[in-house]
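What follows is a pair of complexes built around chain A, which joins chain B in one and chain C in the other.
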Partner chain A sequence: MTFTQWRRQSWNIAIIVLAIGLGLWRINQLPQFGAYEARTFILGILPIALLSMGQALIIIGGGINLAIGAEAVLINVLSAKFMEGTDFKTSVILAIVFLLLGTGVGALTGWIISTSGIADIVVTLATSFLLVGVAMFVMPQPGGGINQSLANLIAGNDSNFLPPLVWLILPIVLIWIPLYRSRLGVAMYAIGSNKDAAFLSGVNVNLTRVELYAIGGLFAALSGIVTTGVTLSSSPFANISNTATLNSVAGAVLGGVSLAGGVGGLVGPVIASLVLFFIPTILLGFGIDPSYSQIVTGALTIIVVLLGGILRRRTGKIK
Partner chain B sequence: MTSLKNFASNRVSKSIWALLAILIGLFIITVLLDPYFLSIPSIGTTLLLAAPLGLLAAGQTICMLTGGIDLSIAMIATGAAFIVSVKSADGLVEGLIWAFLYCVLIGSINGLAVGLFGMNPLIMTLGMNAVLIGVFAVGVTTFLQGSSTMPDILISASSDIFLFDPITWPLVIWIVIGGLFLFMLTKTGLGRLVYAIGDNAQAARLAGVKVWQVQWATYVICALLGGVAGILLGGQSGAVAISLANSFLLPSVAAVVIGGTSIMGGMGSYTGTIMGTLILTVLSYLLATVNSSEAVKQMIYGAIVLVLAWTYARISRNS
Partner chain C sequence: MAENSLLRISSIAKSYGPVIALKNANFEVQPGEIHALLGANGAGKSTLVKILTGVITSDSGTIELHGKPIRFTSPDQARKNGIAPVFQDPALIPDVSIRRNLILTGTHEARFVSELAAMGLSINLNETAGNIELPILRMIDLARALTHDPELLILDEITAALPVDLADKVISIMNDQKTKGKSVVFISHRLAEIEEICDRATVLRDGIDVDTFITTKGSEERIVASMLGEKNAAARTLTRNFTSESQSSIQVEIRNISGGKTLSDVSFSIKQGEVLGVAALEGQGQNLLFEILAGEAKPTSGEIIVKGEKVKFSHPKDAIQLGISLVPGDRKTALLSQRSIRENLALTRFRGVLKWGKIKTKEEERSVDNAVAALQIDTRAKSQVKRLSGGNQQKVTIGRWVTTGFDLLLCFDPTRGIDVGTKQQIYELIRGFANEGKSVLLFTSELREIQMSCDRAIVIYEGKVQATLPINECNEENLMNAAHGLVSNQ
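What follows is the complex of A and B.
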C-alpha cells in the first residue's frame, strides 16, 4: 500500500487498534480465554453489528433511519412468536419470509421518504412508533421461542463459535462486496455525496434510495432473527428499539461513516460495534455500575463525531 | 421587515386553517363518542395535559426553525424534575435555581457543540440523551439521593385550578411562557435571526450574523422550556421516575411537524405547533376513549403523524 492509501485507511486502522486494545484488556480481565469466551464476544456484537451495517448503508446514501431498531424489534417479535415449537424446516422457511418482510418494510420506508418529500428523520421517527406498536400488538409480553437446531445454527453452542462468526462475515461477503462493486454501490456514494449532481449525471435517486432502505431493512431483519436465535425469546419494548437505533448510529459513525453522506464502508461499523461492546463489559468487569457505560458510549459517540468533523475540515473536505 | 414576516408566515397561515379544521373534526368525533368530553372539567384536564407538551414542542420548534432538532429534550425535562424534587429539600427556590442552571448547562453544551464545532444536531442530542440517562441512573444512588416526590406547591402549580374551571395553573403558565415565546419568535431580533439561519446559515453568516451565538441561544431556550415542562410533568405525576418525559419525545417532534414547521429550518410558526399540540392531545383522549391498548395507540399515533406530515408536504408544495 502506498502512503496515500494508508492515510485513507487511517480511521479504520485507528478503530482496529482501539478494538484490539480493548479486546486484550477484556481478555486480561477474564480468568481464562477460550473458544467459549470468543463465542460470547461474537454473540455480544452480532445483533448490533448487523444493525450498524444496515444503518451505515443508509447513511452513506445520505439518509438516516431512526426506525431501524424498531424494524429489528418487530422481526424479533414475529420470529419468536411464529417459530416457537416449529420443526427445523418450517423455522427456516419462516426465517426467509421474515427476511423478505424486513426488506419490504425497509423498501416501503424508503418509498415513503422518496415520494412524500418529508424529511427522513420525521418519516422514520413516525414509522419507529408504528413498528414498535405493531410489535407490541403481535406480542404484548416478552416470550416466544425458536427451533433449537436453527438457534444452534445461528448462535452455535458451548464453545462452537463458528456459526455466529459466519453470520457476521457472510453479510459482508454476500451483500456488501457485491454491492460495493455494483452500479448500485456507485449510485449510493454518488447520491450521498451530492444528490443533485448524481441526479444530473443520470442516477435514479429515488430508486437508489428505496433500494438502500430495503437492504437496510434486510440487515435489520437479520439482526432481529439473530436476536431471537441468541436470546431464544423476544422483547417488544420501545426502549430496546431506541437503544438499538442509537447504537446503530454510534456504530456507523464510529466505524468511519460520515453523517454528511458519501463516505465510509461496512467493515468499519463491525469493528466499531466490538468497541461499543467492550466498553460496558470492561466497566462491568471492574464492578462499575453499568449505567456508566451508557455515559461512556454517548460521550464517545459525540467525541468521535466532533473529532471526525474537525479532522475532515482540516484536510479540506468541508462537508 | 413586513416582507420577512410575510415570507415566513404566509404559507403557514393557510395551513393553520386546515389544522383548525382537523382539530375541530377530531373534537366533534370525540364528543360524539364520549359526550362527557364537552364538559368543563374534562376540557380543563385536556388543556392541563396539553401544557407540558406545548412547552416541550415550543423548544423543539425553535430548534427546528434553525434547522436543528433536540432529541435530548425529554431527558433534560426529566433531569430538571429530578433536581427540583431532590434539591428542594433545602428550599424550593434553591431547587428551582439548580434545575434551571442544569438546563442552561446542557443547553449550552448542545448549542456550542452545534454552533461552534459544527456537530450534527441529531447525533449531538441523541448522544446527550444517552449521557443524561446514564448520569441520572447513576445519580439516583449517588449525588441525587433523596426523596423523589415533588414539593406540594409545585404539585398544585401543575394541576390546580386557577381562579375558575377550566383554567388551570399549567395552562396559565403555558399561555404566559408560550406568549412570550411567540413574541420572541415573531417580533424580536433574535426571532428573525432564528428564521434567517434556518433558511440559509451561510447567507446569514456572510450578512454578519454570529450564527453560533444564535444557535447557542436556541438550544439554551429549548432546554429551559424543556425544564419547565419537566417540572410540570413531575408535579402532575407527584413523584419523578427516570422515564418521566420519555413518552413525550416523539409527540414533541410530531406536534411541530404537524404544525407545519419544516425540519430543514426557516419555515414555520409556533401557532402551528400549538395546533399540533392540541390535535395530539385530543387524539390521545380519543384513543383512550375507545379503550385501545398501548400497542394500538402507538400504531395510530405513528400513522397519524405520517399522514399529517405527508398532507402538509403536499399542501405546501402546491402553493
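What follows is the complex of A and C.
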C-alpha cells in the first residue's frame, strides 16, 4: 500500500477502534447488554448515520448541504402528518412518495447551485430556512404518527434489532456500492478532486452535482421517515434541523471525508455517527449534563480536522 | 487539397472580456500529417486548442471536420468525434486511482494497458493518480488518448520536461499515428523537434495565423522570425545609471537553488541599482523561483544570501523584512479588490506602525498621496481598486512597496495585458528604483521589453539557467533561442 492509501485506511481503522472502545465503555456502564440494548444503539444512530451518508456524498463531490437537516425535518413532518392513522399499504405508498419528494428537493437544490453559480453554503443556508418554514407550516406543533406495522418494520420492537440494522446496511449495499462502482461515482470524486480536470475528462460537472444533491436528498428523506418510525411522531423545529445538519457534517468529517472534496467514503461516516452517539450517552451514564458532551464532541471534531490538516501539509508550500 | 482536409478552422475569434485571445485564426490539418502549432507566449495557441477540444466555444468563425461544419461544446463531444487532446497538465483526477480515471472517460482497460505496454511502461492501475510522477502521468494521459484511436491527436507541450527516452517514445508514437493515416497537432517550444518530426507548421502571433509552411531543415529561423513579427519601433530610451562596470555591491545572491519538479541548481546575483531580467517560456520554473525569493515557497536545497548574510524564509513576511518584495503576476492575488486605493497602498506599511497602536491616519495619508503622485495613478475610481484599469491596478501593487520601502523588488510579468503607454510608465518607474540604488528582478513574457528595461538578463530553460546575457546581447533573437534551449553560454 502506498502512503496515501495507508493513511486513508489508517483513518478508518482509527475511527473503528475509537467506536469499539467507546462502545465497550458504554456496554460496561449498562447493567446488562443484550439484543434490546443493541437495538437502542442502532436506533440511536440510524437517523444521523443516514444523514451523514447523504452529507458525505455531497462533500466528496466538493459541495456541502446546510439544508440536509431541514430536508429530513420536512419529510419527518410530512410523513408523520399524512401517515397517522393510515393502513400499512397507504403508509408504504406515502413513504415511497416522500422518498421521491426528498430526492426532488435535493435535485432542485443542486440545480439552483449549478445554475446560479452561487456557493453551496449560501444556497443551502437559504433553502434550510425555507424548508423548516414549510415544515412549521405543515405541522406547527410536534405530533403526528405512523402505521404501527410500518413503524415495527423500520424500528423493530423489543429485542428485535434486525429491521433497524437492515435500514442501516441496506443503503450502503443498494446505493453506495453500486454508486461507487458506477461512472457517476467516479465523476463524484472527480468534481470534488479537481473540477477542471473532471471537465476535461468529459464529466458533466453540473449534472453530477445535481445527481449528488438528489441522492443526498434521498438519504435525508430516509432519515426523516426513519425518525417518524422510531419516534412515532415529528417535530418541526429549526434547532432540530440545525443540530442534525451540524452532526451530519461532523459525522462526515470524523468519518474521513475531506471538506476539500474528493476524499472519503460512506462507511466511515456510519462508524463516526456511532462515536457521536456514544459520547453523550456515556457522559449521561456518569450523570453528566449532556450539554457537556457537546464540548467533547466539538473538541474531538477539532482535533480530527487539525490532525488531517497537519498530515496534509507535507508539501513544500508554506501557505 | 482543401476537399480532403481532416480539420479546417476558419476565421476563429475569441475574447475574454477586453482581452482578445484570438483575432482571426485559420488552421488546417490533413489526414496523415504531423502539424506543428507554434507561437510565443500569449499568441493564442492554448485558446485555439481549447476551442478545438470543446473546452471553450469560439465567439465567431467555423470549424469543419471532414468537410462538415461542427461546433464542439464539451471535451466529451470532441473526443467522440475523434479529437483526443493531451494537455500539459494531465487531465487525470489526482485523488482517484488510474483504473477509475479510465472509467471516467469510458476507456477500455485492456486496450489501455496494451498501449502503455507498447510504450514500455507498466503501472499499477490501483495507484492514485496524484502519487504518480508527472512524466509518467503524461504518458498515461497519452496512452488513454490513444486507446480511443483518435483521428486527430493534439499534444500540447507534452515533451516539455519529459526525460529524453520518454520524449523519443512520444515522437515514435506520433510517427506511428502518421503511418496509420491519422493526424497529430503538435505544440512544442523545442524548435529542434519540430524540424525533425513535423510535416507542416502554422505560426500564430497576436491571435492571427501569420505563417503556414512545410518544415524542412533550417525552418527554425523562419519560425522564430514569424513568431516575433516585425520589430517594434524602439521605445523611448531610459536614463541608466547602472553599467556593467558599476562597482556596486551585491544585493541578493542565490546559490544552487532547487525546488519542486522544475527548478534545479539555479544560481545568480543581483547588484545594487541593477535591473536583472528573467526570460523564459511558460512553465520553466520561473514561477517557483519568484515564490522562493518572496518566501512563499521553500527550496529543497540551495542558499539565499541577502547583503552577504545567509537567510532562510519561512513566510513572505521574512522576505519583506529583509527588503524583498513581490509584485505577483496575478494582480488579483495582490490586491484587496473591494477596498480603496489608500487601503491597498497602506496594507504593507505595518512595518512602521505599532502592532496595537492606532494607525496614524495623517501620516498614512501623506505617504499614500506621495505614492499616488509618484506613480501617476488615475484616482477617478479610488474607492474600489477593482474598478481601476489593469495598468492602474498594477501601479497600485507596485506603489504599495513604494510606501513601504524595499531593496529588491521582484516583478513577475508586470506588463501583461497592459497598454503601451502604461507599460512605458511602469518601466520608467522600475528604472527610477534602480537609479536610486534599489534592485529589481524582472520576469517578462514579452522578450522585446527586456532590452529596453533591464541591465542584464538570465534565461531559464527547463528549470536551469540556460544563458546569462549582457544587455547589448539581449535582443529578441538571442533570448528566444536561449529560451528554446538552442544556445547556452553556461
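We adopt the following convention: the second predicted complex is superposed on the first by the 305 of 319 C-alpha atoms of A that agree within 3 Å, B and C clash if a C-alpha of one lies under 4 Å from a C-alpha of the other, contacts with A are read in each partner's own complex, and residues count from 1 in each chain.
Note that in this section contacts are C-beta pairs under 8 Å (C-beta built on N, C-alpha and C of every residue); 3 or more make two chains touch, one makes a residue touch a chain.
All values derive from a computational prediction rather than experimental measurement.
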- Message: Quick check on the superposed pair: does A:226 touch chain B, chain C, both, or neither? Answer first, second, both or neither.
- Response: neither
- What is the contact status of A:193 with respect to chain B (first) and chain C (second): first, second, both, or neither? second
- Task: State whether A:113 touches chain B only (first), chain C only (second), both chains, or neither.
- Result: neither
- Message: Looking only at chain A, is it chain B or chain C that touches more of its residues?
- Response: B
- Message: Touch test for A:43: chain B only (first), chain C only (second), both, or neither?
- Response: neither
- Task: Report for A:201: first if it touches chain B alone, second if chain C alone, otherwise both or neither.
- Result: second
- Of the two partner chains, chain B (first) and chain C (second), which one does A:263 touch, if any: first, second, both, or neither? second
- Task: Please identify the positions on chain A that touch both chain B and chain C, taking each partner from its own complex.
- Result: none
- Task: Would you pull the chain A residues touching chain C in the complex into a rising list?
- Result: 2-5, 183, 186-187, 189-190, 192-194, 197-204, 262-263, 316-319
- What residues on chain B touch chain A, complex-wise? 69, 113, 117-120, 122-124, 126-131, 133-135, 137-138, 141, 246, 250, 253-254, 257, 262-264, 293-303, 305-306, 309-310, 313, 317
- Please name which positions on chain A make contact with chain B in the complex. 64, 112, 116-119, 121-123, 125-137, 140, 238-239, 246, 249-250, 253, 259, 289, 291-299, 301-302, 305-306, 309-310, 313
- Query: Okay, in this complex, where on chain C does chain A touch?
  - Reply: 53, 55, 74-76, 79, 85, 87, 89-96, 100-101, 103-106, 127-128, 130-131, 259-260, 295-298, 300, 314-315
